[in-house]
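Have a look at the structure below, then the notes.
Chain IDs A, B, C, D, E and F follow the sequence of writing; residue 1 opens each chain.
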């Protein structure tokens, strides 16, 4: 029996949508107010979903405390109360759109879990805008 | 990398569940209080989800402002503060169940997007009842 | 010790903002799309808050089952899946704005409770618009 | 056209994570505070999602009142305000993890629906932890 | 300038509504299924609101980290994953209704804060039932 | 009859907690990670509540469209997608704590409304932290 176990987490961060190899004018043209050079920010709500077989001994797919700790170490400690463009190495050359942030989070969490487990990342940038990535 | 980008929207409308080719008695028998001839209404919450490849230049699957504008033009302008049975042409001969409304919204939004993009519609009729349609 | 006990409830209804003694043109001018003659509708979310002393025997201010039943009888049975303008007597001559609906609900519920209990009505017309009335 | 229709429901229950064939010490070691012998509890939020073809006559995949009644009979009447370990036969020998509860609910609801309908169960144990099972 | 600062927290617990000096029959008659001798449980959502003057030096009424720590020490550590009737001394002789739990939480938190600060406790027993107490 | 009418709004912004007349070390000591010199950010959720008499002619305390427009002009246009410390004049010398932001919003909105109307500002900095100010 394959079940998906999901855990919600949260981090606050500043960012701007921006490519270093574009002029400020082109950044503003393409990304609008999201490219404000002084940054803006979000309360990012994160859902990490892990799919696998129920362990018949424990009744768990994964101990949610383990998943919670991985999210803390891999995401919250690195991203919370940070400026994504300036302080998070993954975004030094990568535009921190919600899509790219979700892919980065997937790539950080997937290797920390048993390889038989599938992972899906849902990231709310605002209560009305969110993205989902599952490694495909 | 395929990512799903979702945008929430909202519209208020009156409707009744009703088939013109049935008697009022049969409509009431099948649809109960949802068939009240004087109408009732809902705050419909809509999620439009678009799946496609991340554009490596922008980091977007789709510019969410473009998606927001399509939702406004195709759904909000046509449905908001309207009587679905009386004022929305798609429901002149089609019973405005949540299922049918989701299909109509899918059929309005899908052709406005690049054909490589997959679309899924989630429609909350009430906070406890919702439907999902992805063109299958 | 005075404590406030609150219960959430829900009803769906159609309405239009409208005064019979005004022309349709004036109704549209003042109330805009909310005055659509074909009606629109909402999922109204209701919170009824009752304030009083804790009964030292039961530990209750009021048995929430009693409050739930009063809300069902006085509000849900009368308003749910109804057209407020057409089918609810209180709005035959009264414009069903959120403000007026809250006052009507207060006036229906207050007399059903012990007179020592204070009542406050919170009514969400949409997730973004709500009103509060406490009999003052 | 295949559409998914979802209905939310709710039940409160006490439970502990516990295997009879393990010592209390081992239960505490593996399940931590969730294994407290005096029990703890949750407001479980349940989403039952049913996927099938739209009936062209009614515009329904399933009459949501029928789905609501099945959830009441199969889940709410059996689980609400109960101690899952002590009073619900399915958990006499089965550890009531969220994963196992979702599987039990699936197995109770699936046979009550037409066999052509697919079913998915989403169960929130807390607002931050939830599981999904669809019979695979 | 007086501002109210609020912090949300969470705990899970089992309880039953019950008076030791009443027979089981009378407990069931008055408290119904909430008096189930095997217990049931809730995800309690707690809001602690503190009102006072803004400190002109820091711009804070209270450092929310201090408030968060007080809630953890006084409420979460004592109540989370516990059986309120059996394991929490305050409810050994006091019926753990939502009203009484809110009063107990108020009485634990108020003395830990500067006396000039007003405190209000809002406690959700379920998403639909909640109580508020402010020491009056 | 006095009724309170509330409208929810939203803005995203970057900020840091910071006093220019303190050293960076003291800012970090007092404000912790909230003082990160590279900024972090939030999705601020705003509720503006207006209390006054129901106009017997319209049934409104205030036309919610007028309130919505005032919030857009006074708050969203100035704060959304901005760096509060750098780009919003009110915070050039004032630390942008949630408390101070709520007071600034109150002071911008109150004079735009009829003087007989009372105003209360509720500002969510995160889903778990929020403040309320009503001019007292």
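In this section, contacts are C-beta pairs under 8 Å (C-beta built on N, C-alpha and C of every residue); 3 or more make two chains touch, one makes a residue touch a chain.
As the structure is a prediction and not an experimental result, all values here were calculated from the model.
A.B. asks: Going only through chains that touch each other, how many steps at minimum separate chain B from chain E?
C.D. replies: 2
A.B. asks: Which contact partners do chain A and chain F have in common?
C.D. replies: Shared contacts of chain A and chain F: no chain.
A.B. asks: Work out the mean Cα position per chain and let me know which chain is farthest from chain A.
C.D. replies: Relative to chain A, the chain whose C-alpha centre sits farthest away is C.
A.B. asks: Compare the CA centroid of chain E with every other chain's and tell me the farthest one.
C.D. replies: B
A.B. asks: Can you check how far apart chain B and chain F are, centre to centre, with Cα atoms defining each centre and the answer in Å?
C.D. replies: From the centre of chain B to the centre of chain F is 34 Å.
A.B. asks: I'd like to verify one number: the distance from the centre of chain C to the centre of chain F, where each centre is the average of its C-alpha atoms, in whole angstrom.
C.D. replies: Chain centres of chain C and chain F, defined by C-alpha means, are spaced 29 Å apart.
A.B. asks: Express in whole angstrom the distance between the two chain centres, defined as the mean CA positions of chain A and chain C.
C.D. replies: 42
A.B. asks: If a residue has to touch 2 or more other chains to count, which residues of chain A qualify?
C.D. replies: In chain A, 127 touch at least two other chains.
A.B. asks: Hey, how would you classify the chain contact layout here, line, ring, star, complete or other?
C.D. replies: Topology of touching chains reads as other, fitting no named class.
A.B. asks: Which two-chain combinations touch?
C.D. replies: The list of touching pairs comes to A-B, A-D, A-F, B-C, B-D, C-E, C-F, D-E, E-F.
A.B. asks: Which of the residues in chain C come into contact with chain B in the complex?
C.D. replies: Where chain C meets chain B, its residues are 10, 12-15, 33-34, 36, 38-43, 45, 80-83, 86-87, 126-127.
A.B. asks: In their complex, what parts of chain A are in touch with chain D?
C.D. replies: 1-9, 49, 54, 57-61, 64-65
A.B. asks: Which residues of chain A touch chain B in the complex?
C.D. replies: Per the stated touch rule, the residues are 17, 19, 30-32, 94-100, 102-103, 127-133, 136.
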